[in-house]
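Following this line, the structures themselves.
You will see two complexes here that share chain A, one where it goes with chain B and one where it goes with chain C.
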Partner chain A sequence: MSEKYVAISWNRQKKIYDALLWSGVAVYLLLFIGLGSFLQPNATIETLIIRGFGTCAILLLHIVLIIGPLCRISPKFLPLLYNRRHLGVTTFLIGAVHAVFSIIQFHALGTINPIVSILVSNTKFNSIADFPFQILGLIALIILFLMAVTSHDFWLNNLTAPIWKTLHTLVYVAYALLIGHVALGVLQSETSPILAILLGIGLVLVVGLHLISAFKETDLDKEIVSVDEFVEACTVAEIPEKRACIRTISGERVAIFKYDGKISAVSNVCQHQNGPLGEGKIGDDGCITCPWHGFQYLPETGASPPPFTEKVPTFNVKIEDGKVFVKAKPNKAGTRVEPAKI
Partner chain B sequence: MNEDFYIGYLPKMPKSLSKIIKTFVILAFIAAIGLAVILWIAQKPFAKSVFEFGTVKEFSGTIQAKTIPFLLIEKAEKNNGLPTFERIPLVAEGKHGFDGKSFDGQQIKLKGTLIYRDDLQMIEVVTDSVEKSPNTNQISEKSESLGKFTLKGEIVDSKCYLGVMNPGQSKVHRDCAVACLRGGIAPLFAVKDFQGNVSELWLLSEKGEAINNEILDFVAEPIEITGEVKRVDNQLFIYANPTSIKRE
Partner chain C sequence: MIWAEIIVYSVFVYLAIGVLFALWFVVFGITKLDDSAKGTSIGFRFLIFFGAIPFWFLLAKRLLKGEKRPTEQNAHRRRAEK
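And then the complex of A and B:
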């Protein structure tokens, strides 16, 4: 959390994260280009760069996409999520190098504008074997560009979390387009099945982990329906101290926290990046801390401690016979609610 | 905060988490290294083609500026007392054909960069580097018809195929080939026999005219063309009606 915008709020973990990320990128590119020069001395440097950066971007995108479900499956992976936006921006930059070299190589110095050339050189949209795969790559790059330039919290606050989240969900569209870009492009030129197998492994990994994480959350989505009444949500004993249990009440996930002999309920959706507050913890400072990026809220009010201004809706709660009842209708974000005493 | 709950801005990651993160990072590095190696095992070998980029040489000879411009360089050996020529196609910089009409039949000197693949050569002419000599050279072209054939292969743009790009053919290179042909670079028809031997034929209409715009839709696809094959010096040509082109 930060009360003013800075380019990057560096800390130890972000430095380690970026060092490992860029070391990995450097190792891959040097190895790919070095091996290529040695094994295929007739390959031109432009081709080595195009292929090296293209495959690197695809690899990074797979890592970006598996981090989310891994964190849903086990919170032990959450440190990977903390600085994922740097991974995303890096993926765009690496992909952009691939695109710029490809555009110069294949479309520049001709009779028409290079971008126009991408759009008009192949219009066989009705053919799988001859499909204009470069257009798919171009659209995917535009999506990754929009995500990269709006990755800062400035844009998150100004676009609002739902719009920002929707924009960044387009990563799945970009992924689908890039699968098409590879499958309808290079796989049509190469003869070895290994490339198709590798792409298939990546696809199965991404889709499989998302399905596993979705299956794991099916219990959470068992909805308790009510219009404006107290509904039985859980028992006091079910909630670990300083932690929460999450219930879906009338379409909204609610995080019900137990702390210091009290129960409070707030929306499960962090205002920052819609992280799951109910998987967070109440710290020694008495604040709920979001497990994704550490944004904090007071359990009684749903408001961030001053000088921060984020607020989430709160819910009225009561306890009867060791059972926690939550009022289905949320209070306005930041509304103080007296905690139920155990 | 307890041992398992950690946010990146806290000083140090708990051991229980750092163990799993380290494992993930090591696996990611192994995946990256493995991928780099496997990708080179899986890719098709590259053709032995060269573009001597940055090495500009001087060439002299006679320009024959028909549909496809050639530089004819007289060889030492004679044929029945008549001069013999090495015929090298000319191309301009970028994705543009070389316009040699104003030099047709002229002895010239030019600066250019050599492009070659196996025995086929091409010269990328440096812009405005052609110097005319006052001499003209009447060259009688000896064209030998080899017959009418239906051949299977792929239409490529000659400049990239011969070495400016590698690979300079197939689907991935298709858009570039289209841009090159649109810019006036002569098309080659690359054919392969059953033993894998490759031959390249310059593709022209039955009347010897350029058909670049008519064939754009067939570039980089497996096709067959029926036409008359001729040999002129060290070059093969196929003269075909574009309507004879069929997809395999």
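And then the complex of A and C:
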């Protein structure tokens, strides 16, 4: 949570996440390069490094991309989301190693600048077999670089949210470019279909999970008529204890929480990265905890507990005949609202 | 090849300016932009350094305009302000 920035706010969960991530990467690379040198004795170590790091990076990018929709499909996957930014930075670093070795191997021995060489050494844009696929990889790496260096919360706060979000949505452009990079690059000379099949499975997973999660959330975005009066949102019985029912009111989702015999409603949008507060729960400390990165808010005020300063809008609520009514006009962020007694 | 050289060397010049700006920014400028950066560690500023290189132009623009850290708007925040 904000107050004073730290480089990385380590906790036990993040340490376990990173330990698993980096040991997984190390095992993959050791296995790939070790088995590769045994199965392909003619391949140089540079070639094995290029292939190993390249396949590792694209595998990690698939994981990065499927975590979001998986979490929307089932909250069981939320622990994967918690430290996704480290996964993204690792993806860039692994991709950068692949790029550096590729540039040294294929572009550093001539008389022209290696980056210029990538752009001009092959200009057969109308050929599939000889397409200049390295340019696609270069553009994708630049996008991943820009995302990696702006992954700290400082950048979300200071680049302004529209720029930061646009920048990070470019991951899908990077993914499309990398699919092209692989399909028009290594797959053109590959005799075995295994890599093409794996890439196809990955593509279907990424696209399929995004479609399923979008379909699942369609109902949540059905707007309840938004006048300034109270609108019927749900029944008390529908809301699980210490959790929320989500409804769209006044153009955005509202999280209606039930706890300790009371009902409170806050805007569903966490001030940090727009995490879905309504998918979080109220803990023993009485705070709503955002499931994405652990930011906390008091349900009565929509404000983070001191010394933190985040605030979300609150809503007036009332209960009649077991039904929960929410006033459509939100209160200013951090405004205290008396909870409705059940 | 000339077009490629112009693009690549223009980017190099932009990034070279970015490196100089980023060095100044992480030591002095960052606290003018965001109060939460006051008293932060070398490790934090080291991480910010790399982002300040490509985004030096946007940061410089915000500093020159005297802008502070904004709060993101959404439908609820806008309607609550009415």
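Just a few scattered comments:
In this section, the second predicted complex is superposed on the first by the 324 of 342 C-alpha atoms of A that agree within 3 Å, B and C clash if a C-alpha of one lies under 4 Å from a C-alpha of the other, contacts with A are read in each partner's own complex, and residues count from 1 in each chain.
One rule holds in what follows: contacts are C-beta pairs under 8 Å (C-beta built on N, C-alpha and C of every residue); 3 or more make two chains touch, one makes a residue touch a chain.
All figures in this text were calculated on a predicted structure; none of them were measured in a lab.
In the three-chain model built by superposing on chain A, chain B and chain C fit together without any clash. Once the two complexes are overlaid on the shared chain, A:Asn42 sits against chain B while remaining clear of chain C. Contacts of A:Thr150 after superposition on the shared chain: chain C is touched, whereas chain B is not. Judged by the touch definition given at the top, the superposed model places A:Thr166 against neither chain B nor chain C.
When the two complexes are overlaid, the chain among chain B and chain C that reaches more residues of chain A is B. In the superposition on chain A, A:Asn83 makes contact with chain B only, while chain C stays out of contact range. Angle at chain A between chain B and chain C, computed from CA centres in the superposed arrangement: 80 degrees, to the nearest 10. Nearest C-alpha atoms belonging to chain B and chain C sit 11 Å apart in the superposition, given in whole angstrom. Comparing the two interfaces of chain A, the one with chain B and the one with chain C have residues 112 in common. Chain C meets chain A in the complex at residues 1, 4-5, 7-8, 33-34, 36-41, 43-44, 46-48, 50-51, 53-55, 58-59, 62, 69-72, 74-77, 79-81. Of all residues in chain B, those touching chain A in their complex are 1-2, 4-9, 11-13, 16-17, 20-21, 24-25, 28-29, 31-33, 35-51, 93-96, 165-167, 170-176, 178-180, 182-183, 221. Across the complex, chain A meets chain C through its residues 2-8, 112-113, 115-116, 119-120, 145-146, 149-150, 152, 154-155, 157-161, 163, 250-252, 254, 267, 269, 271, 274, 312-313, 329-333. Put simply, chain A touches chain B in their complex at residues 9, 11-14, 17, 20, 24, 27-28, 31-32, 35-36, 39-40, 42-44, 46-47, 51, 55, 59, 63, 74-80, 82-83, 105-112, 117-118, 121-122, 129-130, 132-134, 185-186, 188-192, 194-195, 198, 242, 280-281, 283-284, 289, 291, 293-294.
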